[in-house]
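Okay, handing you the structure first.
Order as written gives the chain letters A, B, C and D; numbering starts at 1 within each chain.
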Amino acid sequence: MNRSKISRRSILAAAGTAAAVTGFPSILRAQTREIFIGGPASPGLTDVLFPLIEKKHNMKILFEGTNSLINLEKIRNNKDRPTMTVTMMDDPVLVLAQREKLIQKLPAEVTTLADLPALAKPADGMWANWCQPMCSASHNTQKVKGVASYADFWDKTYRDGLILISMRITQAVAPLLAATQLATGKPLAECLKLADEGFGKLRELRPNILQVSTNAPQAQQLLETGECLAYLAPDSRTTLFRKAAGAPVDQSYPKEGVIAMPAGVALVANGPNRDLGVTFINELLNPETQAMVAKTFYSKPTNTKTVLPAGLTFPDMVVLDWEYFADNRNKWIERFEREVAAR
Amino acid sequence: MTSVARPAPASGRPPAYLQVAQLTKRFGSATVLHDLNLTVEKGEFVSLLGPSGCGKTTLLRLIAGLMRPETGRIVIADRELTRVPAHKRQVGVVFQNYALFPHLTVAENVAFGLTNQRRSRDEIKRRVGEALQLVRMAPFADRSVSALSGGQQQRIAVARAIVVEPAILLLDEPFSALDRKLRETMQIELRHILRDLGITSIFVTHDQDEALVMSDRIAVMNEGQIEHLGTPADIYTSPKSLFVLEFVGLSTRLGGTVVSSHGGEVEVETAFGRMRAPAQFRPGSPVVVAVRPEAISIGESEGDGRNVVRARLTDVVYLGAKTQLHLRGERSGDLIQAEIARLPPGGLPSGSELALTWRVEDTMVFPAPASAAS
Amino acid sequence: MSGVLSGAPAARPARSRLRFEGDMRGLMALPALLFMGIVFALPLGLLLAKSVQGADGLTLNGYARVLGDAYYRGVIWDSLTLAFRVTLISLLVGYPAAYALARTGGVMQVLLFSLVFLPLTVSIIVKTFGLTIMFRREGILNWLLINTGLTDGPIRFVFTEMSLVIGMVNVFLPFMILPLYSVIRMLDGRYLDAAATLGAGPFTTFRRVVLPLTMPGIVAGSSIVFAISVAAYVTPGLLIGERYMTMSMVMAKAFLNFRDYQLGSAMACVMLVIALSIVFASSFLTRSLEQRGGR
Amino acid sequence: MATAARILSAIILALVLIFLIMPIAIVIPISFSPSTIFSFPPTGFSLRWYENIRNADGILRALWLSTQIAGLSTAISLLLGTLCAIAIVRGFIPGGRLVATFMTSPLMIPGLVLGIAMLQAAREIGLRDGYAALLLAHVVVTMPFIMRTVLASLALFDFAMVDAARMLGCSYPAALWRVLVPNILPGFVSGALFAFIVSFDNYPVSIFLVDVRTKTLPIQLLNQLEMSPDPTLAAVATIMVVLTILALLVCDRLVGLKRMAAV
C-alpha cells in the first residue's frame, strides 16, 4: 500500500517534469528558404528526390503527402492566404484547380519548360508534367506469368483474383479503357471518348473482382502475398518500386498499350516564396534531375533532352485528354459504382 | 426588501440565538416557504415536523446556506448569514444518508472540517480522538467508512459535524435509514451528547414520535408555514390547528355546527348530539370537535362537565400497556377511537353499545376545513 | 456506464426541486455548451444547411435525390442492416464474454480486462491488415478449416460480406463489452440466489432477473456500437471497399469527388436523424424498462 | 445447467479474447520478418523494419504530436465535460437529457463530414494554425466518450457528499475537487482512456486539419505506408502495443486497474 503510493507519486512527479521540460513545439521557425509542397504520398519523393534538390538549392522542402482531392480541398480553403507554394497532382485534379483559379500559369522563368513537348504542358503551360508513370496493370509474378492482353483478365482463371482501383482514383482509367477497347475494338488511344461503351464489358469482369479498393497499400499487400493475382492498376511508381524492393510483382505490358499517367506540378495561385517554387520546378524538369526521376520513379521523363540511364527503356504510351476525363469522371464514378462495384 | 424589519427583540429580552425572519422560498412558480419566522434559543433542540413536501428540508437547507431564499433573513448569534455562503456559516449538518466520504477513513472523515480550518496536526489528532471517543467509535478510527454498519456510520456523521464546534447543528432525518430498535437507542444517545455539549440543534423529521421524544420544542410545518411552535406537551394537548391535531397523535373528530356561545364555552351540534367545549366561535360556524382517545372513558355517568356519545364497539385492539377500542356511531357511522388502561372484567363483546364520555376541558374545537364548510 | 448514450443518469433522476437553487451553478454547463456550440454544432450546421440550398433558394432536391433514388435507398438500407448485424453479433458474443469477465476476480480480471482494452489502442489500419492476413486463402482460418476437415479447399473470406461483418465486430466489440461489463458487475449475486430459492430455473432466472437488470448496459452498448458502425468510414472502406457502399462512402464521394454539398449534406442529415432516433428510442426503452423493473 | 452456462460463457470469453487479439498478434511477428512483403508466418528474423522507423522521418514527431493532442483534448473534454455533466445530473440546467444527447452526438457524424465542416469553419474565422484546429476538433471527438462515462459515474455518486464538504468549510469548487473528483476517479480514468485512444487513432477528422508541420500519427502512418508499403507499419504497430502495455501498467500504478475496471 505504502510502496504503491510512493511510486504513484513519483510517476506523477516525473510526468509533470517531463511536460514542463518539453513544453510545446516552438512556433517560431526560420521563415526563409522554406517551401511547402503538397502532393501524392509516393515512394521516392521524400527519400530520394527532395533531399537532392534541398541540398543543391539550400532549401527546406516541407512536403504534405496526401490524396489529391483532400489536397485540393485544403488549397481551396486556404485560397485567401495560401501556405502552399507548389502542388503536385494528377492532371484531372489540376484541371479542376485551374477552373477554380487555384493555380497560376507557369512563368517564363521556368526555362526548362522550353524542352517539354506541348502535350506535357497542358492548358498553355498552366502546369507541367514532370514525369509519366506507366499505368496498365500489376500482377503477382509467382501466380501469373506475364499478361499478354487485357482480355486475359476476363478469363475465369482470374476468378476472385482481381483488385480494381476505385473510379474515384485517376488510375482507374486503365481498366475502364481496357474494357472499352475490348468492347469496341478501337485502339486504346481512341477509347477515352467511347468509355461509356466500355461499362458493359467492365461489368462482365465482376466474377473476377475480389475488391474495389480505395486503399492502395492494402491492395498492394494482397497482390504481393498472392491473395490477389492482378491489381488494376497502380502505376509503375509503386509497382516497379516494390519489384525493386523484392516484392514478387511486376508491371504488365498488355499488347493493347500502356497509359501515361500525367504527374503534374503547378504553382499555387498567390502562394508564398514564388521564386523558390520556380527554382524547384525548374530543377524538377531539368535533364539531369529528369534522368534521376526516370530511375527513381520508373517513369518516363518529359524533358526531351533527358538522357535515360543505361538499361532503362519505356514503351510508347497512350496520352489521354485529361480535360475530357475530368469532365466525365463524376458520371463514370456514378456508373462504375452502380454497375460494376455494386454487389 | 427594505421594509424587512429586523427581527425585533422583545423589549428587555436578549435576541434569540437563531432568528429566521420572513423567509420566502420559491421553486419556479411554487412557493415552498411563505414568509416564515422561527426563533431558537441557545442550546435548544427544535424539531421541524411535518409531512413530506411541507418545506422542512428546504428550511434546513436555507439555514445551512445550501440554498438562497427570495426574501427574509437568517441570523445566528447576532451574525447576519443571509448572504454568507454555506462554507463560511459554521453550520454543522448531519445528512439523511450521512454522506460520509468513502475515499477517506473514519478518522479522515472526522478530520475533514478541521483540515479546512488549517488546524495544526496535533490539534486535529486530539480533537478527532475526542470526537470519536464521544460517539464511542475510537477503535474504528482507521477503518474504511464503507465497512461500517448504519448505526456506526451515523455516529461518524455526528462526530464529523460536531468536531468543528458549529454554531448550530442541523440534522436531516438522520434516523430514517436505521431499523426501529437501533433508532430508539440512537435517539436517546444523540440527545444526550447534544445536551451535554450544549449544541443548538434543528432536527428535521416526519416521525411524530421521534419529535416528541427528542425535542425541547417542535415546529409543526404545513405548506411552507409553521402551524404550531411549542413544547411537545403543548403541541399534543392544545394543537393550534386541525392539521397539527391530525398530524400529532390520534384523535376522534366529529363535524358540527356551533349553536351557542357564551362565557368562553361553545355548544356544538354534532351527529352524536350536543357537546360543549371551551372555545369561542360565532354561532352557526361550522366546526370540528375533537378529543384524544386517552381522554375518553367508558360507561361513566353523564355528569355535568362531560360530553357523551353512544357508539357500537366494532374492534378491540390489544396494545399491551393499553387497549384501543374502535367504535362506530349509531346514526352517523363516524369512527371513534378510544383508549383504556385495561378492559373491564368479562371483556367487551364486539357489537355492544357503549356510552363514551369525556371532560368538557378535554374537548377541542377547530374551524371546519374550507371544503367541509362549503 | 449505465444509461450511456441516453445521457442523463438512469439510476437517480435529480430531484426537480434542486433545479432552481438560487445560485449560478447552471453556468457550469456553459463552457462545454459554448464550446460544442461553436466548434461542433455551428460548423456542422452550416455544412448541413447546404442540403437545402439550391441554385435559387431553398429546395428539398437533395433529399429527393437521396430518398428518391432506389440506389441510395439501397445504400441506406445496407448501412443500417450492416450496423444492425454488427450490433446484434457484438451483443450476442459480448454479453456472455462480459458476464464471464465480470464474474472472474482478482489479478485474472485485471489481465482479461486489459486484453479487451488493448485492441482499442491499435490503429484500425493495422488491425485490418492483421484481419486480411487471417482471412487469406493461406491464412489461419482456412488452415484451421482444412485441417479440421470442415472444408476440402480454401474458402474465400477476404472482402466478403462475412469478413466485413466479422471485421467490424472485431473493431467495435470492446465498445459493447465494456459498458455491459460494468453493469453486470453491479449485479448483486443475491438476486440470483433469491430467484433460485423461488424455484426459478436458470433460464427463467436469466430471462426474468438478469436480463432486465442488465438492460441499461445492453441498451448502452448497443446504441454506441450501432452509432459508430453506422457512421464508420475508414473501417468498411478497408474491409470491403466499394463493393458494399455505405452512407459514409456516399458522403465522401459527394463532398470530395463531386463537390456536391447538397447531396452529401442531405445524406449526412438522413443519417443523423436515423442515429438520433435510435438513440432516443433506446433511451426511452431504458427508462421504461427501469421504471418497470423498479430500479 | 447454471454451471454449464458459466462454463459456456467462460469459453466464449476466451474465444472473444483470442478473436480480439489475433489480428494484432499476427502483425507482431511480421514486424520481425526479413521479407519485404506481409507474409505470414515469417520466414526468418530481422530488425530491418525497426531500423527503417528510425529513418522514417516524422514518425516520432507525429507520435509526440498525437500524444499531446490526445492528452490535451482529453484534459479539456474532461474539464468541460465533467462540469457540464454535473449540471445535467444535478438539474442545474433545463433539458438535461437533450443536452446530454447533444454532447454525445459527434459520435453519430462520420469523421469526414466533421472534418470538412471544421476545416471550412476554421478558415472562415481565420484560424489557420494546424495545432489549434486539431486540438479543437479532437475535443469534439473525445467529448462523447468523456460524457458517457462521467455521466454514468455521476449517476452513482451521492451529491450529499458535496454538500457535506461545503458544510465542513469547502467552497463549492473545493468540495467538487476534494470529494467528487476522488470518488469518481475510476470513471474519469476509463473515460479518459477511451477519449485518449479515440483521439490518438483518429484519421478521418484529422486528415482535413493537419498541415505540413503538424501531422498526427495515424496520418503519418498511412503516409509512410503509401510511400513504402512494407512491414515498417508492423514494426510501428508492435511498438505501439508495447507502449500501450506500459501505459496500462502506469495506470495500474496510478489508480489501480481494478478500480478503473469498476466503472
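Worth a mention:
Keep in mind that, in the parts below, a residue touches a chain if its C-beta (ideal position, glycine included) is under 8 Å from a C-beta of that chain, and two chains touch if they have at least 3 such contacts.
Which chain is which protein? Per UniProt: B = Spermidine/putrescine import ATP-binding protein PotA; C, D = Putative spermidine/putrescine transport system permease protein.
Worth saying up front: this structure is predicted, and the values here are computed from it rather than measured.
Touch-path distance (fewest steps) from chain A to chain B is 2.
When C-beta pairs in contact are tallied for each pair of chains, C-D comes out on top.
Relative to chain B, the most remote chain by averaged C-alpha coordinates is A. Our note on geometry: chain C versus chain D, Cα centroid distance of 16 Å, whole angstroms.
Chain B and chain C have Cα centroids lying 54 Å from one another.
Centre-to-centre, using mean CA coordinates, chain B is 55 Å away from chain D. Chain geometry summary: the mean Cα position of chain A and that of chain C are 36 Å apart.
The set of chain B residues touching two or more other chains comprises 66.
Taken residue by residue, chain A touches two or more other chains at 70, 73, 221, 225, whereas all remaining positions touch fewer. Counting partner chains per residue, chain C shows two or more touched chains at residues 16, 19, 21, 128-129, 133, 256. Across the complex, chain A is touched by residues 35-39, 57, 65, 68, 116, 119-120, 123, 128, 131, 207-208, 210-215, 219, 222-223, 225-230, 250, 253-254 of chain D. Listed in rising order, the residues of chain A touching chain C in the complex are 69-70, 73, 160, 166, 168, 209-215, 218, 221-222, 225-227, 329-330, 333, 337-338, 341-343.
Those residues of chain C whose C-beta lies close enough to touch chain A in the complex are 71, 128-129, 132-133, 136-138, 156, 158-159, 161, 237-238, 240-245, 253, 256-258. Within the complex, the chain C residues that touch chain D are 1-12, 14-16, 18-19, 21, 25-26, 28-29, 31-33, 35-36, 39-44, 46-47, 93-94, 96-97, 99-101, 103, 109-110, 112-131, 133-134, 139-140, 170, 173-174, 177-178, 181-182, 185, 201-203, 206, 220, 224, 227-228, 230-234, 247-248, 251-252, 255-256, 264, 268, 271-272, 275-276, 279-280, 283.
The touching residues of chain D, counted against chain B in their complex, run 158, 160-161, 163-172, 174-175, 179, 182-183.
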